[in-house]
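The same subunit A turns up in both complexes below, where it pairs with subunit B and then with subunit C.
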Partner chain A sequence: MAHQVRLTLDALQSLIDELQSREYIVIGPKIENRKVVYDEIAKIDDLPAGWSDEQEAATYRLHKTGSPALFDITHSMNAWIHHLYPSKATLLKASRENSGFTVERMKEAPPKYALFGIRPCDLEAMKKYDRILLKDTFHDEIYKNRREKTFIISANCTRPSGTCFCASMDSGPKATSGYDLALTEIIRDGDHYFIADIGSESAQELINKIPQAEASADDIAYANSLIEKAREQMGRTLNTGNLKEILYKNYENTHWDTVGDRCLTCGNCTLVCPTCFCTTIQDYTDLTGSNVERIRQWDSCYNNEFSYIHGGSVRTSSYARYRHWLMHKLATYHDQFDTSGCVGCGRCITWCPAAIDITEEASAIRQHSITV
Partner chain B sequence: MEKTIETNRKTNGQYDPLITHPYTVKRVINETHDTFTLHLGPTNGRNTIFPFTAGQFNMLYMYGIGEIPISISGDPSKPEQLVHTTRAVGTVTKAMRGLKKGHSIGVRGPYGNGWPLDNLEGKDVVFIAGGIGLAPLRSAMYQVLANRDSYGKVVLLYGTRTPIDILFRKELERWKSRFDLDVYVTVDRAIGTWRGYVGVVTILVSRAPYDPRNTVALVCGPEVMMRFSIMELKKRGVKSEHIYLSMERNMKCGVGHCGHCQLGPTFVCKDGPVYRYDEIDYLLDIREV
Partner chain C sequence: MAKKRKPKLAVWKFASCDGCQLSLLDCEDELLAITDHIEIAYFPEATRAVVKGPYDLSLVEGSITTPHDAERVHQVRRSSKFLVTIGACATAGGIQALRNFKDVNTYITAVYPTPQFIETLNKSTPIADHVFVDFQLRGCPISKFQLLELFNAYLNGRKPNIPQYSVCIECKRKGTTCVMVAQGIPCLGPVTQAGCDAICPSFERGCYGCFGPKETPNTHSLAERFHVLGEKEDDIVRFFRGYNSYAEPFQRESIAHEKKSQV
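And now, the complex of A and B:
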């Protein structure tokens, strides 16, 4: 079994100090505009201690709990993707030269991030990104360079939100691999501390520099019991049994029309989803026409022009765009990358202005399945 | 530096697939009133000649305007002649039509899988092209003709809108005069002095001389034309697994990262553009997939 230590709140601050002294930019959950976002933090006090979130379909609220807990909030609105696969990146610059043009490939000095408090679902999403952007014929240079430098401190979930269903997707509430450190927060008998599972040598080296104690068997068991309780309290469930096959058989199910009538094709779900990876490439030319920047930015399959080919877009109706998105998450992703396109974080449910719920829609298709 | 791109494709090395390289326009051929062919070559030795497979495509970039996928229409045995044929229909292709000898154009690629010509020995090969769909099939045609003895009957069925829209006309006439090749051309609307076939290309599929039990069909054209051609092929007894088609979707990256070209569980840019029909038949009948 992996080595586990007990850390105090002060030790956690030392951990952040230690990371910063090694020139890591520490990213963590913090409150901004009445929601939890995932962005740069300077110290432990920046974390949303004493706050908790309520998430339901099309509903997000923060409230004070009075508890000192740092991780009573569940996941942030945005995942880590902004940091490792930026929403806007300049790929090249071109300039006019005589009758032709020259191209300059952009090389960035990759920032060094420590992702603090990343949730197990988002960690699973990162493994999917690794599969797509690192393990195919071609890799993505920006993602690769940033990813290699990243230090990961995961936070196991002891309280799921109303839209969480990671237990159904086998991607939480406990981080199983892929982290340097995995924390479980414990508040017990007036004591507030963290059990840290050490997942890498560099984490061990870091831990040696800060005040810590060996975790007792009792602490470890208690931490696990909290996670297990979270597993039982998931706000949503999704029956994944045979789901891919059912969806493939139901491209023509009339239920898609029903959800298509509700979908506003706003693309919110794709922007908060930690497994969505679509981008577009656009050229920006200055007024003189002598300089061009080619910029890659996040895109959404809900945009009409996303599927544009000569003669028009392939998916013009909202039902077709919703179907494409859901099919990708729960069916086609499996065939593309040997893994589900959904980690059960429930963000798409929370942030959908029409309260469309992927778990409800998938089970509706199952229920009204056309048998072939 | 030769074969750099091909090597790096395989080794996941330093080659950045998203970076375009300026090539020089060596020759422009105006094929019809709205189609044209570009012959490209390396610029000042700064970039390279790369091998390609018939049916593959490159991302062509017009400085300051944009980038689009275009099939290679040249001869795979002559990679030093990088040839693309396209129709001026969109912002980028309309600008491309203004290119002259000596101008620059960005190239990256080649991408996609190409036609499965290696496994067709001894078979009858039926090419079915609609409109500009003849361009990617021409590369395959060159390769088949270069090894003509390896195949059974070779048949080209080509449908286009009107006689003035006939692409590669001189080449088609030359091919039509050969005794080891059957070339049939049909137009949707006969104008002028046209004395050939009139009607959609599917009417040729049912009549052309090939042995359906020993035929491989390579189809490229608008989706609806491909659907109906395949129906006719199947009616004559050509098996689904002997039919290949080239698909088109929006593309931004060409390497399966941007998500735009998804067709069901596949990416047209890397799993296609050429598909064996029975791999995607269930998707072709679904609207807006």
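And now, the complex of A and C:
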């Protein structure tokens, strides 16, 4: 059984120091130009203490709360994917030589990341990535090498944002597995501390190096009560009951037209989604034609070219592209990977410039379901 | 081994500011490498030396605004094997296409002391309205990287990797926080073609739509969102009346809001 310790703010700084002494690049939330980004932090003061976010469809605003809380911002636009599955990567280089050519596969020295404060929903998303990109039959080299080195310090949510619905997707607000450490932030009676759940041997070894105390039963119960409160305060809900079957029956539902009228096919939802993984691969020659680079970049199923096959694109209308995406998240992902393609982080709702809400659209299809 | 003849390049100018032609000279580091593979045969902006046509590759900048140019563009086409329009003027009529929404004579009489000397067309139109165009590079100005990619693809007989998706894709790949969602700044990014590497949003400005409409742009839905952000009808007209005002999707959207603003 995992055991839990109580850490002070200073201990958290020691934790960062220890990670750095082990050559980890510590990545955490911080404020840059009045925006929250998920990037390298050096000390605990880099974390967005006293900042909170308000998220609604097509709206993200930061404000100061005056609270000393480090983890009051639910999550930023960018998930951990930027670090483990980079948006642009050179896969190989080839050059022409006399009568033939040589191919050099790119091998990177993978950066060693410690992801600090990642949310349970994002952790669940990473498990889906693992399932897809770390198969025995296929694994993605870049993701695998980076992922294996990654140390994960999750932060349980004690305050959901307005677009969160992880409780509906069974992927939060508490991290259940897959972390090295899971923190719950507590501010009580003038005390500010963290209950840390130890999830791995390397985490235990780290914890032994820093000041800590055994967490009391009361502390653990209080931490759980905060998480439970967050579960009840979810900004959104999604009824997943029989949803896959309902969606499959409703390919021709006229409601897709309604949402298609609003959809910008800009691709934002896919590129903020922590379970989207599509990429496109292009070859770039140089002027001589003797050298070529094969470059992989994030792609989106909302791009017309994404569904291009001989003769044209399969999904040219916006409704077809929206339907394809929603169907993948909530239905076909189940058939492909035996899990949902949605973790309820709500990013697609917040960052859609047209304020399209996946929970509303799924429930509209359910409501207007074609009965067969 | 016999050396392959270098393809001859011509750079032509119609109504424009020359900024896109300058993008070629801006390829400073790569310019010498380009001349290793391409003969710059006609490029008055850079050199008075002229090599006679026909030309293998023509870059055409600018829009058609005079009867004289409407004739000349046919000569350019006749002397070009592969014709590529460069920039918003050549591909959409440019900023000068704002005249297309009014009667040009009102401008002529307001601007010139002796309007009878001015011979101009009522509309500023893209090159493709006049002659067949093989490929188009968007932007105001064009991207140096896309220009290099064009040369590269042309020399190697492949299709240029020039995406037609939205500017949003570039923002998200870079990790640039959305200015519209996080700051409430109206941004044309969701309906504008990528290619600039999302410069303006990277500096906390909304996209101005320099690269023109993306594939399947939903301008109507975006304009609805601009309303929610507090923009009025005539503001929305101005958003869509930039460098690509005459590109059909932007043109239609601005006209729709102009009509509403006059009600």
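Annotations
Criterion: the second predicted complex is superposed on the first by the 369 of 372 C-alpha atoms of A that agree within 3 Å, B and C clash if a C-alpha of one lies under 4 Å from a C-alpha of the other, contacts with A are read in each partner's own complex, and residues count from 1 in each chain.
We adopt the following convention: a residue touches a chain if its C-beta (ideal position, glycine included) is under 8 Å from a C-beta of that chain, and two chains touch if they have at least 3 such contacts.
What you see is a predicted model; the values in this text were computed from it and never measured.
Three-chain overlay on subunit A, with subunit B and subunit C fitting side by side and no clash. Applying the stated contact rule after C-alpha superposition, one finds that A:K35 touches subunit C and leaves subunit B untouched. The superposition of the two structures on chain A yields an angle of 70 degrees at the Cα centre of subunit A, opening toward subunit B and subunit C, reported in steps of 10. Looking at the shared chain after the overlay, A:R296 reaches subunit B, while subunit C stays out of its contact range. In the superposition on chain A, A:T316 makes contact with both subunit B and subunit C. Looking at the shared chain after the overlay, A:T288 reaches subunit C, while subunit B stays out of its contact range. In the superposition on chain A, A:I132 makes contact with subunit B only, while subunit C stays out of contact range. Figure legend note: subunit B and subunit C, brought together by superposition on chain A, show a least Cα distance of 5 Å.
When the two complexes are laid over each other on chain A, subunit A has residues 282, 285, 289, 316-317 in contact with both subunit B and subunit C.
Across the complex, subunit A is touched by residues 30, 33-34, 36-37, 148-149, 151-153, 155-156, 158, 161, 163-166, 168-169, 172-175, 177-178, 180-182, 184, 187, 189-191, 204, 214-218, 220-222, 224-225, 228 of subunit C.
Remark: subunit A residues 33, 35-37, 58-62, 76-78, 82, 87-88, 261-268, 271-272, 282, 284-289, 297-298, 300, 302-305, 316-318, 350-351, 353-355 touch subunit C in the complex. Remark: subunit A residues 91-92, 94, 96, 99-103, 105, 132-133, 136-141, 248, 251-252, 277-283, 285, 289, 292, 294, 296, 299, 301, 306-310, 314-317, 320, 324, 327-328, 331-332, 334-336 touch subunit B in the complex. Touching subunit A in their complex are the following residues of subunit B: 9-10, 12, 16-22, 24, 43, 63-67, 89-90, 102-104, 106, 248-250, 252-253, 255-260, 262, 264-267, 270, 282, 286-289.
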